């Protein structure tokens, strides 16, 4: 069991050339396993925000509208998160006959995770493997081994179907491919956007969760940071659901600066254990 | 204002060669605007079903597990539904700055509706048109005029991106294209699966809804049946969410027989009005 | 060294509903290594044909124009072909610096062989292997092991990019994938359409050639017939160049019947040797 | 009838990090309608080149191999070219029944021009138009009106199928789309790479030719320069055939500088006439 406290900072700046709307998803979720102890949002110019929290997953969006000019956003928060490490050998897959029905939408193909087009590939690569945690780990290893992490090699339209063949991408593409592979094996899988302590260069970070046994476990095929170093922002079917900023209008991002500090608890470390977020005891 | 009562029947038969799981989405929703007065499901062999109703949209799924053999499903229901016709000239678009935030997920691209890849096409074809109901109608007209309704021309992998270029499809493809075009204009849009009275040959029928003003309105670019002849089964981002049968296992469908009878109320007719489902007064 | 004589027969029948043009590519090439000893073409109705032989590769096309009605085509030929088996361990790759420049067009991506999109995949799967014949053989083995031969799983639009991910297809798809993989390794590769003795059910058959050392060698990732059982019809960049019938008009094929008999020489047998067509001594 | 003399200069510089091979296609063709009066190629370091001229189309390639270091290429030439303007109303289409068979390969789909996937779109947009020059002109107008010329919006993998939907691109994408549209109407079409006098910023320029009546006519849907301002480098099925530099190895282009001066003859002007290159009288 591990508990960590992080301080994080996110600065964004935009140049807007006409009336525009921003839908930000940069505030960490407040859930069983994660508590935003304090947070502070500054907008320059000062603007009203309208917040929306999604019913089941608790993603926190806020909307800002403004005319042409510049927008500076400074968000700071202190967040506590608890993780549990579990022996992976005890973790099985749950067959579709027994999956909780609310996990089933995470089996459906989505914009960036066309699992329906990857079924044979997945059967050939992973179909013979022992079901369970180790099979999802095999998926992550395959991605790590076969896909080159390469900044700038992909764009906002790149999907798992492309990455399966083109074999290059960034964290978002790695997560999409992991999700698509899991779904093609009838393992529910979903996209998780995060702050990540220790990521170089600092940025938002995408990983995925797979539903095994009776819970969601975290997987990061990029191996860039320990999974306990993640502060969750959003959970969704894929990146379309949890973009850090959805923009309507004519906007150019001029700066993105992220900073995450570890301030208390058990220092996050790499582990081959299963990692799941849990309620702080 | 129109109120209609329908009696419907759905027979499905499958041949199963090994232990398989079915997730059916064939029962009409019970909502403000639609009431399932009575219904009866018979499975042969008789099997337990596990029902799941989605939290917000009320889609009704049930799961059946069975070993090899045959499955016969017979579902019958009597359903009341109320629709209101509205003068389209009064219906405006709502800009992203003012959209209810719970409609925003229906702006995101999805598996079959890659609105992010159609933005320029949509701007060129519809960008100059007057915003409002008539613009979504122009989208439907474009689809009707430019896409050939052709059974068998597409498959379960066909998406709006394909149909935009290949210009042939069935009701599902027409709906996906309508949804993708709307989203590319920042109009929330979603997929609706239905029973449809008068459809020849009888089958499930897919249409879409667009969020205009402060409500969802129905659109059917196929023009195959009046919109008041629809009994809603499911609402989702696209067909992935509301497949009438999601199958896990080795299964062949041997028969699908749908029958819908109008039994009471105002006989559904074609209209150029806007049509929205409403609470029965 | 092997020499074989084959008798072949091709019957095609079409129903034409308006003035149409056929461009057939069903006559075996006459080249150094293959001689059409006799041939006979019957068309019913009797029609003029216009023949065209491509300058470098010697593909033989003939054009027929006709009004609505039926077309019956009966083509028979006796063909001699010579093959040489070579010890694969002696066969090297030729680097781009030394390739004959007339082979370079067979390095370019083509409609069905998008080698430019498969470079990383190919590097990961085959990049570390010893260059030479054995590497192209490894490509064929990979295709045989990872792609399911499944009639009806693909169509005339299916390309190597699809097959790399979707992992099912027919001989044409196997050949396209082999070609795309070779080109991505800078090995010139081209499509070969054939009659094939022993193919069940009888049909045209597609394989590919790769340029190694200073020659073109035959490869068949389907393993359906010995390579010496092939009577070459056409050679091209991919299937687009050597379709057995390119149709302009409104035409339905009603029958395709192929028959190939071995009549003299060395009976074709499976071999792990390299096989290349050669001049009869 | 117009005759023009141009002086052109092409400087390319590359940084090579390991033994690499370049296949350049930067020398204008020497044909009936175009004469390279003088030319001079300087390579630094001085290196042997191996030239290859394609049999039918006369494209001129040369190969250079070198170890790591820098390559500076300076090519200068004086070229004479003759064009004829023709009244477009006299120019008809030639049906497949009568096309010269050597033009038929330019009806086949190719890597970047997937005409087979655009048939319905083309029928809907252009199928009803009067066959002839004006129909190809309508294609060019459609492209000009519906596709945004936008540097950097596409890459070396972008094809006509993408551009038909995504509606942005550069000259190469415009030409690919024009070619694909023509082929889908059974009009042979091919890619032409050029130097272009007056292009801003100076660069290579791609246009296409369509076979109408009994000849190839030039079309430029970008409208960036008069067609008589083109000095032809290569002719092919699409850009894959006539890339100005095909690279094998690890190479970065550091500079590309093109300069074209009009030096004698009839100054090129925009015209709505048909333009075809012709033998100088």
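Order of writing sets the labels: A, B, C and D. Residues in every chain begin at 1.
The rule we apply is simple: a residue touches a chain if its C-beta (ideal position, glycine included) is under 8 Å from a C-beta of that chain, and two chains touch if they have at least 3 such contacts.
Just so we're clear, the structure is a prediction, and the values are computed from it rather than from any experiment.
Engineer: From subunit A, what is the lowest number of touch steps before subunit D is reached?
Structural biologist: Tracing touching chains, the least step count from subunit A to subunit D comes to 2.
Engineer: Is the contact between copies subunit A and subunit C built from the same residues on both sides or from different ones, judged by whether over half of the numbers are shared?
Structural biologist: Same; most numbers are used by both subunit A and subunit C.
Engineer: Using CA atoms for the superposition, what rotation angle relates subunit A to subunit B, in steps of 5 degrees?
Structural biologist: 180
Engineer: State, to the nearest whole Å, the distance from the C-alpha centre of subunit C to the C-alpha centre of subunit D.
Structural biologist: For subunit C versus subunit D, the centre distance works out to 30 Å.
Engineer: Let me have the rounded angstrom distance from the C-alpha centre of subunit B over to the C-alpha centre of subunit D, please.
Structural biologist: The computed centroid separation for subunit B versus subunit D comes out at 47 Å.
Engineer: What are the residues of subunit D that contact at least two other chains?
Structural biologist: Correct list: 117.
Engineer: Which pairs of chains touch each other in this structure?
Structural biologist: A-B, A-C, B-D, C-D
Engineer: For a test of understanding, state which residues of subunit D touch subunit B in their complex under the given definition.
Structural biologist: 117-118, 120-121, 124, 145-146, 148, 161, 164-168
Engineer: Per the contact definition, I'd like the list of subunit A residues that touch subunit B in the complex.
Structural biologist: Per the stated touch rule, the residues are 19, 21, 23, 50, 52, 55-56, 61, 63, 65, 95-97, 101-102, 104-105, 107-111, 114, 116-117, 156-157, 186, 240-241, 246, 248.
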